[in-house]
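As written, the chain order gives the labels A, B, C and D, with residue 1 at the start of each chain.
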Amino acid sequence: MTVRVGVLGVGNIGQDHIRRLSRVLCGASVVALSDIDSARASTVAGGVTGARVFDTGQELIRADDVEAVLVASWGPTHADFVLAAIEMGKSVFCEKPLAPTIAACLHIVDAEVAYGRRLVQVGFMRRYDDGYRAMKTAITSGALGTPLLIHCAHRNASVPPNVTSDMLITDSAIHEIDLVRWLLDEEIVAARVLKPRRSGRVGELQDPQLVILETVTGVVVDVEVFVNCGYGYDIRCEIVGESASVSLDDPSGVILRRDGQRAGRVPGDWRERFARAYDAELQAWLDSVAASTVTGPSAWDGYAATAVADACLTALESGERAAVQLAARPALYG
Amino acid sequence: MTVRVGVLGVGNIGQDHIRRLSRVLCGASVVALSDIDSARASTVAGGVTGARVFDTGQELIRADDVEAVLVASWGPTHADFVLAAIEMGKSVFCEKPLAPTIAACLHIVDAEVAYGRRLVQVGFMRRYDDGYRAMKTAITSGALGTPLLIHCAHRNASVPPNVTSDMLITDSAIHEIDLVRWLLDEEIVAARVLKPRRSGRVGELQDPQLVILETVTGVVVDVEVFVNCGYGYDIRCEIVGESASVSLDDPSGVILRRDGQRAGRVPGDWRERFARAYDAELQAWLDSVAASTVTGPSAWDGYAATAVADACLTALESGERAAVQLAARPALYG
Amino acid sequence: MTVRVGVLGVGNIGQDHIRRLSRVLCGASVVALSDIDSARASTVAGGVTGARVFDTGQELIRADDVEAVLVASWGPTHADFVLAAIEMGKSVFCEKPLAPTIAACLHIVDAEVAYGRRLVQVGFMRRYDDGYRAMKTAITSGALGTPLLIHCAHRNASVPPNVTSDMLITDSAIHEIDLVRWLLDEEIVAARVLKPRRSGRVGELQDPQLVILETVTGVVVDVEVFVNCGYGYDIRCEIVGESASVSLDDPSGVILRRDGQRAGRVPGDWRERFARAYDAELQAWLDSVAASTVTGPSAWDGYAATAVADACLTALESGERAAVQLAARPALYG
Amino acid sequence: MTVRVGVLGVGNIGQDHIRRLSRVLCGASVVALSDIDSARASTVAGGVTGARVFDTGQELIRADDVEAVLVASWGPTHADFVLAAIEMGKSVFCEKPLAPTIAACLHIVDAEVAYGRRLVQVGFMRRYDDGYRAMKTAITSGALGTPLLIHCAHRNASVPPNVTSDMLITDSAIHEIDLVRWLLDEEIVAARVLKPRRSGRVGELQDPQLVILETVTGVVVDVEVFVNCGYGYDIRCEIVGESASVSLDDPSGVILRRDGQRAGRVPGDWRERFARAYDAELQAWLDSVAASTVTGPSAWDGYAATAVADACLTALESGERAAVQLAARPALYG
C-alpha cells in the first residue's frame, strides 16, 4: 500500500522529507506540495514525478488525492495546517514545534480530542534514534533502578548570526525536553536556566546556557546547550539510576591513528548524526498511517514540550525557577 | 519508478530480502517467487500482496512481468539461475557465492561479457557498511599512505554443528576476501591457512583458523576466523598504511555502567551488525536496476572471491602457501 | 637526601602514607608517629624500622629529629597540629580538610603569612593525577579557548551508613571545588545545591546532590555527587571551552569481550583510581621539603575550599544560591 | 634497608635507571658506575652523590660495597658482566638481551644453576605493565577459557636509519616473544616471518614484518612489527580464548574534542608508554634483592627469548617455518 502524501513547505527540511518519501522509504508517494514561495514550489515539484503544486496549504489539505499531510513550513503556520488536517480527518506529520504558543498547541489538542482519534505526529525524531531507544530499554528493563538524574549536552558547531538566545531553548533544548518526558514517561514540573560566561565569538548571544529541569518524581536534568561550540555536532545523554548508569556512546564508525592521535569523527550536523532517526521516524509514520493508528510523538507531547520551553524562557529572563503549568491530560493520550 | 522483482529461494535469507523489498526500501515490488519447497513458496507468497508462485526458477526468470531477479537459493543452484537471467537480459542480484566452483563463476563472467553489459550484482553487503566505506575513503584520500598490512577478525558466537572446516573459508572468510580486494582495489595472489589450537567445544572442527593473504603489491592480510567464539558477533578490521592506520570502531550505541563494569553490547549476529548494510546494498541494486547500470560487486568479484577461497582450501589441506591463479580480467570489469 | 618525617594519626590513611614513605617513594624515612589511640600507634610503629612513638602530636612536632610533619589525624585536630608545625618552622603535609572551619583555616593562613614562607601542603591529591594535569595543560596551551563550563561527576559505589548529607559536600565535592579553582586558576564566587530524587537505598541521606558553582569570570560548574551509585568509583570531568572540550578518559587497562559485552573495569574505590596520584603527591612534597620550597596545594587553597564548601552547605540547607565571601589573598599565595 | 647498586653502562638507558634508583624508587643507592667511555662515566657520576667511577666493569662488580649490579651496557658485553656477578654471588639486573647468542645465554644459565640460587633478572619490563598483568589475570582466572590465539602489534613512530631488518626481531619482537611465554606459561616451538610490502620511507629495511609464533599447545601468535609507522608508539595485544577475549585498552588519559575530531593521544615512545612498568620492574628487583629472592624474568627467560628470536631470524632469511630447539629446563627455573 502506498500513502499519498502532500507536503507543506519545501525549504530545506521539506525537501529532505520529500527525498525520503520519494527515494528512501517504502510505501509513500508525494502527490502534492505547496510553499509560500510559489516559485520554489514549482522548482521542487519539477523533480518529483506526479506531484502537483497547490497555491495554498489549505487547498492542498482538502485535495481528494492527498491522504496524509506533512507540515514543514514556518513554525507559526503549523497550527492552522494541522487543524485543517484534523478537520479533514487526515493524518498529519508536523515538524517541531507543533505550534510556538501554548494556546495554539492546546487548540490542536482539543481539536484532536474532539475528533476522537489520533491524527497528529510531531517531528521529535530523536525518539527513533537507536541509542536513545536503547537508553529507554535500559530504564524499562529495570537495569538502572529508579532514574535519579539525567545529564545532557546539545552542541552545534555554529549557528547563523540571526539566532537569538530564546532559540537555544525553543529550537535546541526542545529536543531534550521531549526526550526527558519520553525516556522517563513523566512530566516536567519546573525549569531553571543558568547563564555561564558567554563565548566571546558570538556577540550578545547567551551561548552557552545550562537548562535545569525537574520532573514530577524529582528527577533533576541538566542540559548544556551550546550552539557555537566550534568543533562539531555533539549530543550527549546519560541517565543515572539507583544502581547503574546508561549513556549514549560516541558514534564514529572508524578510528584513525595519525600524527600522535587516535581519533574518531564528531558528526558535522544533525542531518549526519540523526540521518537514520529521520528515516525511521518517517517510515514509522507511513506505516502507522497505512494502519490507521498514529503512534509517534503526539499533539500532547507537542503541547507539553512547548509548555516546558515556555517555562524555560521565563526562567531565562527572570533568572529564577519557573514552574510548568500543564492542562489536564485527556484520556486520548493514555 | 518501481522495479518488479522475482525472488528465487525463500528460506531465511530470501524472506529477509522480501521483507526489505516490501516494507523497507523504496522502489520495489515483489511480483514472483519460487522455491524448491513449493509449500514454503506458497506460505511465503501468502504474506506478499501480488506475488505469484512459480514452479521453477527458470519459469520465473522468463516471466514477462519479472524485471529483475534476486537469487537466494542454495549455493550450487546459483549459476544456472544467474545464467538464465543473463540470457533474458535481466538484472540479477545473487547472494554469495556467485557459484561454488571457479568454472561455474567463469562461465557466468563469460556469459555477461558476451552479453556486453553488466547485469549481475553479488551479495557482498559489507561494501555498503558505513565503517568499511569510511575505511576505503581513508585509503583513497591518501590519509594512510600506501597500505601495507590488514588485520581482520571474523567471529561468530556459535554456528550449527554441521558446519565444516571448509565453510570457515567459503562462508566466513569469503567476506574478508572480497573486502580486501575492494578496499585495496587489487587482486590477491596467494593464501596460507594456519591452524591454531582448536577450541575444545567444537569437536573435530578446525576452529579458529588464521588465514593469511598476499596481494599483488605485497600487502599482507591476516584474517582470524573463529565461528564459535562464544561471546558474540565480532568483526574487526584495521588497515595499516605507511603513515597512519584506520580501524573499524566497535559499535555499541550505549554504554552501561553496572556492577563494576563499563560495557557496550557486542552484536548478536550478522543481521544485527550489518542490518543497514543489507538495506543499503539492496537499495543500491534497485536504484541501479532502475537506472540500467549495475554498479555493485560484479560477477568478476564473485569469481575472484571464489578463486581465492579455493586457494585457501588448498592451503588449509596442504598446510602450505597456495598461489591464486586468476583468468585475464575482461575489459567489462574495468 | 632523606627527609625525616613524623606522622600524626595512623588510621587507614596515615598507615597508607607510612607505607608510601617507607616502601614506595624516594627520600623519606618515618622517624616518629603518634595517634590518639596509643595502642594503635605502638602496633603500627612495630612495622616501621626506626620509628619512635610519641604520646602527643605536639611532642612529636617539637622533636629535634622530626624534620617534616604529615597530619593524617581526625579533621578537627588538623589546625592545632599545623599551627604547631608552622611555629617550629617545619614543613607540614596536611590531609584535607586543612581545617573544618573557615576561621581555623584563616588562622593557619595568618600564621604562615606571619612566618613569611610557605610550609603547608594540603592533601588535594587529584592535582597530581595524569588526567587532570593533561586537562590543565589543555587549558593553558590555549587548545580549548576560554573555558565556559565544567561538568563533573563524583560517584562512590557506597559509603558507610553514618555518612550525612553534609559530608557529600565536605568529603566528596571538596575535591571538585579544589580542582575547579586549580584548573581555572580563579576563585569560586557562589554555589547552589539541587536535591534530585533520593536513592531509595539510603534512608534519609540526600544522595545524589547536584552542586552548581560559579566562578569569578562566570564559568558555571555542575558537580553530581552520588556516594551510593552502586556500581563503582566513577570520576568524570569535562571542561568546555569556546572552541573545544577536554574530558577525563575512562581508565580501564584492558577490555574483556564476554557474554555479549565489551567491558572495561570501573575502579572499585579512590585508592585504586588515584593510587598514582597519591604517590606523586607525596613524592612532590618530599622533593619540595628537600628543596625547602613547598609548591603543592597551599593553606590558601585549603581555606578557599573550606569557604566554598561552607557556602555549599548554606545552599544545601536554604535551597538558594549562596555567595562565597573570601578574605583578601595575601601576597604569599601569588 | 638500602641496596647499594653498581651500574654498568651509563648511556641513555643506564642514566634513566640511575635516575629511578636515585630519585624515584625506594631503597636504593647508586654507589658505583662504569662505562666504556670514561669521560661519560665521570660526567654522570658528577650528578650522583656518593657514586664512585670504576675503570672497568669487572672491578666494579668485585668492589666490596657494591651489593647488586645493574647491566645497561652494549648487548655483546652483557654475558661477561652477568657471569662475573654470579661468580661474586651478587644479584644482577640485566637489560635485554641477556646475551645476543644462544650459547652465551646458556653459559649464564649453567653458571646460575651451578651457583644454586637465582641471581639474575632480565629487563623485560612489560611484565610489570598494569595492562599486561590484567591480561594474565584474565587467563589464570579462567575468564577466557583456554587461549587459542594472540594478536599483537608493536609500532614505533620511527627508528634511526642504522636499524637493520634483524633488529625488528631482536630489539622489538623480543618483547612480544617474552610476553607470550609469560602470559601463556608455555614455550614457543616455531616461528615464521612474513614480509609485507615495505614502507617506501625506509630504504631497504624490511619494515613492517609479520612474525608468527606457535606454542607447544598450538596457540598461534601474530606479531606485527612496524618501527616506522609514523604516527606514534602503539602497542596492541589481544588474547582470544575459547569463550572470551581480552585486549589492552588504548591509554590516553584525556579526550580532546576539537576540529571535528574526538581524539586521544598515542604515546610518543616506549619511555612514555611504559614509564610505570620500568619503575615497577626496578622496584620489584630492589625489593627482591633486599629479600634475597629474585623473582622477575629469569636467565632462562632471557635464554628462551634469544632462542626464539634466533629462530625468527632464520625464518626471516629462509622465508620458511623455523623450529625452536630449547635445552632441557633446569629445575631451578620451576
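Observations on the model:
Rule of thumb we're sticking to: a contact is a pair of C-beta atoms (placed from the backbone, for glycine too) under 8 Å apart; a residue touches a chain by one contact, two chains touch by 3 or more.
These numbers were taken from a predicted model, which means no experiment stands behind them.
Set against one another, B-D and A-B show the most C-beta pairs in contact at B-D. Using CA-based centroids throughout, the chain positioned farthest away from chain D is A.
The distance from the centre of chain A to the centre of chain D, with each centre set as the mean of the Cα atoms, comes to 57 Å. Distance from the chain B centre to the chain D centre is 44 Å, each centre being the mean of its Cα atoms.
Between the Cα centres of chain A and chain B there is a gap of 37 Å.
Contacts with at least two other chains are made by residues 230-231, 234, 243-245, 252, 257-259, 264-265 of chain D.
Interface residues of chain A, counted against chain D in their complex, comprise 157, 230-232, 234, 250, 252, 257-266, 268.
Residues 145-149, 151, 153, 194-201, 208, 210, 212, 217-220, 222, 224, 226, 229-231, 234, 240, 242-245 of chain C touch chain A in their complex. Here chain D touches chain C in the complex through residues 22-27, 130-131, 134-135, 138, 143, 243-249, 252-259, 264-265, 276, 283, 287, going by the rule given at the top.
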